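Structure first, commentary second.
Labels run A, B and C following the written order; every chain starts at residue 1.
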């Protein structure tokens, strides 16, 4: 039983989240559009803040870090402080670069989850209702869920040359804003991966719906398919929201693995920045912050969806991915 | 084109020739998985307990720390531990990264387990005079641990697959070898994949069987009633 | 002369809702006080205020002259035992271990002493043979009797019973009530919330009728059942006995 104070804190937190999240997304959208049109407002990777700000932050950071060197705990404290201030400068300077690359992360995630869903539904249906197709679906699902994602990406990238060739030869691939061949391979890999996991989530949520629901539907005169459509599915979909949110979060994070098949997404760019500046920690922490923002805003959006469609007494199965 | 399909005998020959290396890599993979799970358990259980029973500030901190870790890709965490913080050798950095990630997730599983135990148990423990800490220690945690096993099985599978990412910091687990064998004979990639897939599947199945056994050994008898 | 339990002007709110509105009564040692009333009248809440499982906003509760708010709450619960409607036995422990937990961890007794004590209490409630069974293997009546043994093992001054038989199937109620009757005869001070009117009539030294957070009437059981002062009391008790929980 939460107190009034706790509830107020929670509301405040949610409001702050919505505002901050909205602001970040607006900034991201600005940087994307800006870069698509070749840098209308500022250079595609040029920060909005002036050079002097970046220099000041970096300078202050270095200065702080040099304070009290050699004094046991104090030196560490100042190092941390200096690092944090320097991080502000670093983020201002390289943030735009990462933001532009984050577009691919979003694309990979969204395409994979939506098309994965389209494939997952018949897969789940086969698992539950099929005769022969049940076993085909099972093999596919277990194979995909039981092997690491990196291995799957490498299989498609190196082990399916006909695929790479086919994509490369499609008109427009790799030119202008059309992503190159590696991106398409990555998309296919994530679609396959996501379809297997989503099929299991769907199967689980359909099975969470009490069998008596369909029985009652039939008793009222609805056919099998109608019963599923009007009675089982509305409940199953609500049960599935937490798992689906899970899947969304998983894809956002694991899209980073596309870096290993040369996809120029967020992590690749952060890695490049790290290598060129040697400020590895700052670069990876900055990347982490980007992912965190994407994950937190996505989870928040999904919880709003969940609230919007909630029915008392329906919902809350629990499953988890990575 | 046929060379790309998993039918070429020369490709299977290549796999066969290197099978020893692949299978030998099982031990490093399991070692890393085990270490990460242990770190995750030792840190995660208190974290989950804090989130449920801690004072407002510590519960808040535990929750937020979990959100940050669970919102960061394991690849990023691992590169921070290895290249950023400079933990070495690769085993230590990988264990730290996977361990931190696992702690955040095991904390959630344990939190769920604690919350699934009715309030009545806490009330009963307090009514007998146990302090809050005593009640948590002697009544809540023992029961939560038993409900923890299915979530832990899931976690084992996830961590095992995530160890493949340690290839990027040159830790010689299973995928590391697949990664290095591909360039020599790219046509053998599908065969390599199937072999590696087989290895991971065997590890997952046996691991889960072992955990099933642990679950049975520690479960509370209920005279046949299902739970 | 102070009473064993003194409740004075007890006020309890849940948010804006006033649940207990100035309750007051006293209990002496060996008293068996029964609380009756419609659901939502605050009976269980009142019980939980006595052993501070719930906080109250106004009034005073004194155990042996000391305010319960002045005591360490764990100390208080060493002196006041509680039996729950849903038993709340520790699911991961055997019957004997359930009874032993308090004496061992709170009273600091040795394993052997706690074991002997637990067996004694289980004997007292007639369950020595089930000492090594787990709660899920026991019937509802058996679980509740273990719950009573668990409360007794702390050697309390006062035992609180929160609708101890409401969650039981009819044929199991009797075994629990007979244990409670024996306890009363042995001189335990008991504060019970119950609907079991036969028990109340035969065992209680005083019955209190609670409605809307007030004590409407209280007094000798025979009087309340045959010739109550208040019309509401008469209506409520008549409805209860008509529904078969009575004699």
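One rule holds in what follows: a residue touches a chain if its C-beta (ideal position, glycine included) is under 8 Å from a C-beta of that chain, and two chains touch if they have at least 3 such contacts.
This one's a predicted model, so the numbers in the text were calculated from it and none came from an experiment.
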Chain of greatest Cα-centre distance to subunit B: C
Chain occupying the most central position, where position means C-alpha average: B
Inter-centroid spacing, subunit B versus subunit A (mean Cα positions, whole Å): 20
Distance between the centres, which are taken as Cα means, of subunit C and subunit B, whole angstrom: 47
Rounded Å distance, subunit A centre to subunit C centre (Cα mean): 54
Residues of subunit B engaged with two or more neighbouring chains: none
Subunit A - residues contacting subunit B, complex: 6, 142-143, 146-152, 154-155, 158-162, 249, 253-254, 256-257, 259-260, 267, 270-271, 274, 280-281, 284-285, 287-288, 291-292, 295-296, 318, 320-322
Contact footprint of subunit A on subunit B as seen in their complex: 1, 4, 56, 67-68, 70-77, 79-80, 83-85, 105, 108-109, 112, 151, 154, 157-158, 161-162, 164-165, 167-168, 175, 178-179, 182, 186, 189-190, 192-193, 196-197, 200-201, 204
Interfacial residue positions of subunit B with respect to subunit C in the complex: 118, 120-121, 123-131, 134, 138-139, 142-143, 146, 220-223, 225, 227
Residue numbers on subunit C that touch subunit B, as the complex places them: 51, 53, 73-75, 77-78, 80-82, 84, 86, 88-92, 101-102, 105-107, 133-134, 136-137, 147, 150-151, 154
